[in-house]
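Letters A, B, C and D name the chains as they come in the text, with residue numbers starting at 1 for each one.
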C-alpha cells in the first residue's frame, strides 16, 4: 500500500512543496517505509526521496530546496513487490515527450508479462517496480507529443491490476484511478491550487476543499489551461456505480477522518460495530476496542449493546521503528511494549474486545493473555469484518492464504488458538450495509474470493 | 521532567542493558529530548547517550556494546534548566570512591547557591545540570570509602528541592526519593534482578513484579550482599503518610497504567471524570476526550452523566519530532496535523470536551474551532483538574505565572478566549478524593500555591 | 575522467570485492567524486555506490555485504556530463538477456542524437549518463541471447567517442576499449582470477600480474569457459600501431607507476624533463617541481641541466574535500593551504619551477608569488608539455577554449599574467619522443587540434 | 601529540573562527584523530568538536555558528593517554572565576598522583584527560579573581611534565609553554589580531606575521589591555638558552616549513642529510627518500654524496583513514596501498634509501622488499637520526622500549630483520649540529636516555 499526493498551482506560485509535505505526512498511515517529493521548478524536475518516515526524510532545508508550482509526493509501505531502496518513489524519467514523474499506489497483475514484452523490444529496467514499468509502457504508447492522456489510456488497456497514479509532466498534473476503482483517489482545491490525494484527510490537513472522488477509469488532467477528464470506458453511463472500492479501506486501511466514495470511514466503522452487536451480542461487563483500529467499532458495539465502553488497553504512542520488531523470539515483548493494560478497568470483569478484523491473530492472542493476566474473568472477541479467508492479490494484506486462520480453521479452533472465550464476526451483508451513502460497489475478495480485477497469472496461491 | 530507571542483577548476569532499554522506553512519556544508558561491566563503566528518543538513540548494536550486571537509564524532557546536549544523562565520574554514575529526575532549588559554594572551594563544572552538581556535592561529602549511603544523606541535607535519583557505584545501585516524596520512584524485581523505576508501568513492560514505592526520604541500596534502606528522617514513623506526591502525576504526567503511591493513574482519572460530572454537569449530546490525556476522564464523565462517550477527535500517531512544531506562524497548521476531526461524530451535535487540565489553552482553542468548523452546534469544556493558577517551580509546567490564563482571567474571559460555550473545573477536594487508596498527601501547589518543598531563592515569579 | 576496474574469478571463488576495493582505490586519482562496486553473487547482482571517495564509500561492513565471483568497480571524477548523484556508477539493469552491469570511462560525442533516437523508439532515461545510454543501445542491439559480444560490436558502430568500458553479465566480464584506443585499459591476472583495469598500477597494488594492454577496438570476454577477443576492425593487422592513446595520460592523468601501451608514466615524465632542459635551458640556482605532478619532469630537467634539484614547495597531504575550495574570493587562501613554501630552500635563489603543463595558470600564478614573497630572486617556469591551445572534447580538460591562455596569448603575455621571469615549453616532437617504447600513436589534440576521434556535433567551441 | 592554536582580536572583531579553522587545519599533521574549536562570543563560550579530521569536523555551517573575538582550537592525535571521545578538546568549564576553556598538547607525568590528591579533596573527573586535570588543579589554585596568570604559575609548580597550553578566559587568551620548553609554541599577529600556535606554519597559512617563540616556562597573557608575560623562573636570565626543545620535532614531527626555536625544519633535515653522507657514505647509483618524511634528508644526502637523487617510491595521497589499516594480517597490503614503486627508476640499480628515523622498522621492511621485487640490485638504508633506543615518556613515540629494535639488536641484526644490505645512522652530535641557528638545547632522550623533564612514577619501562 502507498499514499500518493499531487499538487498543481495554476497561478504558477512556486511553493507547493510544503503542501506536498503536509499532504504526504497525512497519508503516512498508508506507508511508512519510504517517502519522497518531486517538483516541477519551471521545467526542471527536482527530487528528494529516501527510506524512512516522512518526518525523517524531510526537514526545512530539504523542502526549501524543492521550489515548484507542481509536484507529486509518495509514502510507501513495505509490502509491495519491490524491496528496499529499489522502489522508493516518485520516479523521474526523460522521454521523447520530456520529463515525466510518477507517484503510484498500484499492483499490476501482468507486470512480468509486460516487462518481458518490453525487454524483447529492447527496454531496460533499473528496478522491479510497477512505476518504472508503467513509465516504460507509457513511453512506448506515446503517439503525439501533445497528448499524454491518450498515451495513458493506451497504457491502461495493456495493464491489468489496481492503481491510483499521479503523473507530473512538463506542464501537467495527471491523476489516474483504475477502471475498477479499487484504489481511492480524490480531487481537492484551494483557489487555483489543485490537489490529488489518496484520501480526503490530507485535504483537510492542509485546509483544502474536497471537490470529488476521481471516478473509476478516470484520467484527470490539470494544467494552466484548465482541468479535463478522459475515461477508460467513455460509454459507460454508470461508471461510478459500477466501481468496486476495496472494502478493506473502510475496515482498516484508511484514516478514520477520510471520506471515500461517499462514506466517512469512522462512521462506517461505528455503524459496523452497531450491526455487529445485533448479529453477535455478548454477555459482558465492558467493551473495549483493540487499539487503535478497533475503537470506532467497539464504541458502536457498546452503544448498541448498552454495555459500558471502556479503555482497557492503550497503545504506546512512541512505538515506531523500534528495533524490537525485528528480533525474532521477542515478539511477546514487542507486543508488551506496544500495549498497556489498565488493570483497574479490566480486573474481575467479563471483557469483550472488538477489533476491526482478524488476519493472522498473533497480536490478538497476546492481548487476550494480557487481559487474563490482569484479572479479566472472561475475554470475548468480536470482529467488525467477516472471516478473512482469501489472500488479497491486490496488496492489501501480504499474507499467504495458508497463514490465514479463517481459511482452514473453524471458529472454535481459532478461539482455542487465541485463547478467547467466544468469537463472533459481522456478516458481509451487514458490513456492506454499514457503508452508508456509498456511491459504488465494493471488492470484498478477501472475504468472498471474488477477485473483481482478476488474479495474477502466477498468483495461484495468493 | 525525566524518567529514571535502574537495574542490578544479584546473580551477576551481565545482560541488563536490554531490560534498561525497555524500561527507559516505557518511561519515554516523561522525556523525549534525549536518552542514555550506562552499565557497570565488571568494574568498568560504559555509556551511550545522545539527543533523540529512545528508539533513535539505541539499536541492537549499541545495546550489545553495553554488557553489565548493573545499569542506569534516563529519558529526559526539554523543560529542565539545562539546554541541549549539555544535560544528557546518565553522567559518569571518577571520584575518590571510584566510579559513580547518576540518572536523576530533579529540580534543585538552591542549585546556584551550592554551585557557587563549590566553585569557591575550587570545583569546576562542565555543564549546568543538577546531576553534575549533585555528584560534586556528594563527592565532597564522602567521608569513608565504604559508605556512599551516608554521603548521600549528607548531600540531601544540603540540597533543597524535589528529586528521584539513581546512583550506580562500583558495586551498588542506590535509589533516592526526596524527603517530600514529590517525585515517584518504585522498586521491582524478577528473581534476583532488582529494578528502580520512576513508574510501575516500566516494570510491567519487562514482566517484573512491583515490590513497593520507595518512601519519601528513603535511600535504598542494592548490592550483591542484599538490600538495605536509610532514611532522611529516621525518627518519623509516619514517613509515608507525610509524603506529598505531585498531584499532576495523576492529572497528566504519569502513564495511565502506572500505579503511584497506591493509586492507579487511569482509575484516578476516570473517577475524577465521574466527580466532575457531578460538580459540573453539561447539557450535551456527546462527550469527547481531548486526546489522548483527556480520554479517561471523559469516559468517567460520560458514564456518570449518562451521555454517550464518543470519539470526535483523533491524535495523529505519526506526529513526533516533525519540524512543523518549530515553525512560528504555523502553529495552527501544526495543531491541524496533530488532530483529526471525525465530522460524522460531531456535526449537528452539542459537544462536551473533557480535558485533563487547561494550562495555556492554546491547543484547546484550535480544537474548539475545528469542532465548530465541522458542524458542532455547541462546544463546552470540562476540566478534570482545578484552575492552574501557579507556575510549578518543581518543573512540572515550565510556564511563567503570567502566561497562565487562570491566574488572571475569570472563567468567562477564558471561555471567550478559547471560544467555548461554557467551562467547568473539578474542585480540588474532588480531585483529591478521586485518588482512591492513595497512601500519602499531595502537593497541589499549581492549584493552591502551597509549595510544600519551598521555592527557589530567585524564583519569585515562577 | 573515471577509473574502471573489473574482476572475474574462474574458479568461482566468491570473494572478489576486496580486490575490487583495492583496485578502485588505486584508481582514485582518476576520479574522486563518487565510487561504487557491483558484484555477481551467483546470478544475483549486488551494488553499493555513493558520492564520496572510495575510503568514505566503503568499509568492512559494506564490502562484506558484497560477495561475488565477478564484479566491477568505478571511481568517477566530476568533469563528465552528468551531475551529482545522477551519474554514480556502476549502473545495473535487467534486460532481455538478463542482468547487465556497466562501469565506464567515456565521452560519447553523439550521445544526444542517439538518446533522441532511442526516445523516439520509446526508451526512457532516468539519468543523463553515457552508461545508461550505452546499456539502452546495447539492449536494443542484442540479437541472440548467447552473444553479448556482437551486440557490443553493433553498439560500437553506432556510438562515436572515446571509452573504456567493463560490462558484467550473468556469466561474463567483458572489457571494451574504443577503436582509437584513446582511453587505457589493461588485462591482469593472479592464477585463475582475471582483472581489467584502467591502469596497471591497480594490478601492482593487489599483487596481480600485468598481462597486456587491451587493443584499440578490442572486446575481451572473460567467462568460466575461457577468454576470447573480438575486434571492431577484424581486418586491420596494425590495430595496435594505429591506436592513438591520449598523450595527456603521460603528461598528467595517469599514476606515475602505471605503464600504458608500453611506456611507464614516471620514466616518460623524467625523460620529457631531460628533453625540456635541452630545448629550454634556464640560468638558475635551483630546479623545483610543481608538486606533485611536476616533480618527475623537474628531476629530469635538473639532472640534464646539472643544476641542483630541490624542494621548495610541498603539497599539504590533508587537503581533500576541504570546504575552502568552494568559497569564492578565498582562492588565494585555498592555494596557501594547499602548498607550503620552504623559505630556506628558496630565499635569495634564482628558481626554475618545472610543471607538467599550464592549463589555466591560476595556481601557478599564486605559486610564483609565494616564491617571491619568500625571497626568490628570479622565478622561471618550464613546462614539460607544449602550449595547451585546444579544449579537449574527450573530457580530459573541461575548460572552454577561451579560458586557455595559450589559445590567445603570446608567451610574454602569459609571463606577465603569471608573474614569471621567463617561460619555456617542450616541443610536441620532444614530448612524443619521450614516450620511449610506446606501441602506438598518440592523440595530441589539446596541443595540435587534431581530434582523432572526431568532435561533438554541438561542440563547436570545445 | 596535538596541535594547539589560539586567537585574540583586540579590536573585538567577532570573526576569529575562520582563522582558527585554517590554523588548526595547518596543524593537522600533529593529530588526526579529533578536532575542535571553542570561541568566546561576548562572554558566552561556544564549542564544536568531534572525532575526525579537521575538514570532516567543520564546514561552513558549523563555523558560522561560532562567532567570537577570541578562540582556541585543537587537533589531537591518538597516542595520548585518553581514549576515543573522552579526550576531544577543547574542554570548557565554569569555575569561580568564570568560564575557562583549554586546548593543550601535554604529557603530565604525575597526573595520577595529582588526580588522587584532588579526588581526596572532593574533586570529580568526567574523563581521564590531562586537560580536565589541569583545569581542576588551576581552579583550586585560583587565589584572587583578577589573576589567572598566578593561578597558572601555581599549577605549573605542581605538575611535572611537558606541555604547550592555551587557556581562554572571559577576557583573555593565555599561552603557556613548559619550563623545559619541550613542546613548541609561537606567537604571531596580523594588526591587532594575535595568535598562539604550536608551529609557525599555521601563521604562514593565514598570512600572519611570526613574532617569536614563547619562552620555556613563559605564561603569555593577551587581552584587550595588552600583552604581558610571566615566568616560571623569573630569575633565570638564560631561560631561552636553558630550554630543551624535543629534537624529534626536527627529525619527524613538525611540518617542514615551520621554524621552531630559530631553526627551519626543512633546512635542518637537509643539513642532517648532508652530515649523514659524510658519516655514513654509501656506494650506490640512486638515493631515494622514504616518502614523505625522508625526502629532505635524502636530498641533502644525495647532494653531499654527488649521487643522483631520485624518486623511486611515491606515497599515495588518498591513503587516509582507509579501513585497511585496522585489518590484521593485511599489513603488507596496507603498505602496498600506501606506496607506489617506480620500476623504471629502481630496476637494476643500487639503491640507498634515506629515512628520517627507524622506530619499529615494519614499514621499512616492506619498502625494501618492494624495491627488490622491482629489480633493485642492492638496497641500503641510511637514517638521518641516531638509533631510537628509548621509549619517549613525553608522548612522541608511543612504543614500548622492547619493541624498539635499536634497544636490543645490533646493526647487523636489524639489517637482517629488514632485509637491507647495509645500515647507517647519523651521530647525535651531527644531528644536533644540523640545527643551524637554534636558540636552545634539545631533549634527545629517545636517543640517549636523558629524560630532561623526569620520568613518570609508574613509567619504569617507558
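General remarks:
Going forward, a contact is a pair of C-beta atoms (placed from the backbone, for glycine too) under 8 Å apart; a residue touches a chain by one contact, two chains touch by 3 or more.
Source: prediction; values computed, not measured.
Centroid distances from subunit B, each centroid being the mean of CA atoms, peak for C.
Centre-to-centre separation between subunit C and subunit D, using Cα means, comes to 37 Å.
Work out the mean CA point of subunit B and of subunit D, and you get 50 Å between them. Centroid to centroid, with C-alpha atoms defining each point, subunit A and subunit D lie 62 Å apart.
The set of subunit D residues that touch two or more partner chains is empty.
Here the chains touching each other pair up as A-B, A-C, B-D, C-D. Subunit D makes touch with subunit B in their complex at residues 91-96, 100, 116, 119-126, 128, 132, 135-136, 139-142. On the side of subunit C, the complex with subunit D involves touching residues 22, 25-26, 28-29, 32, 53-55, 58-60, 201, 204-207, 255-257, 259, 264, 266-267, 270, 292, 295-296, 299, 303, 308-311, 314-318, 320-324, 327, 333, 336-337, 340-345.
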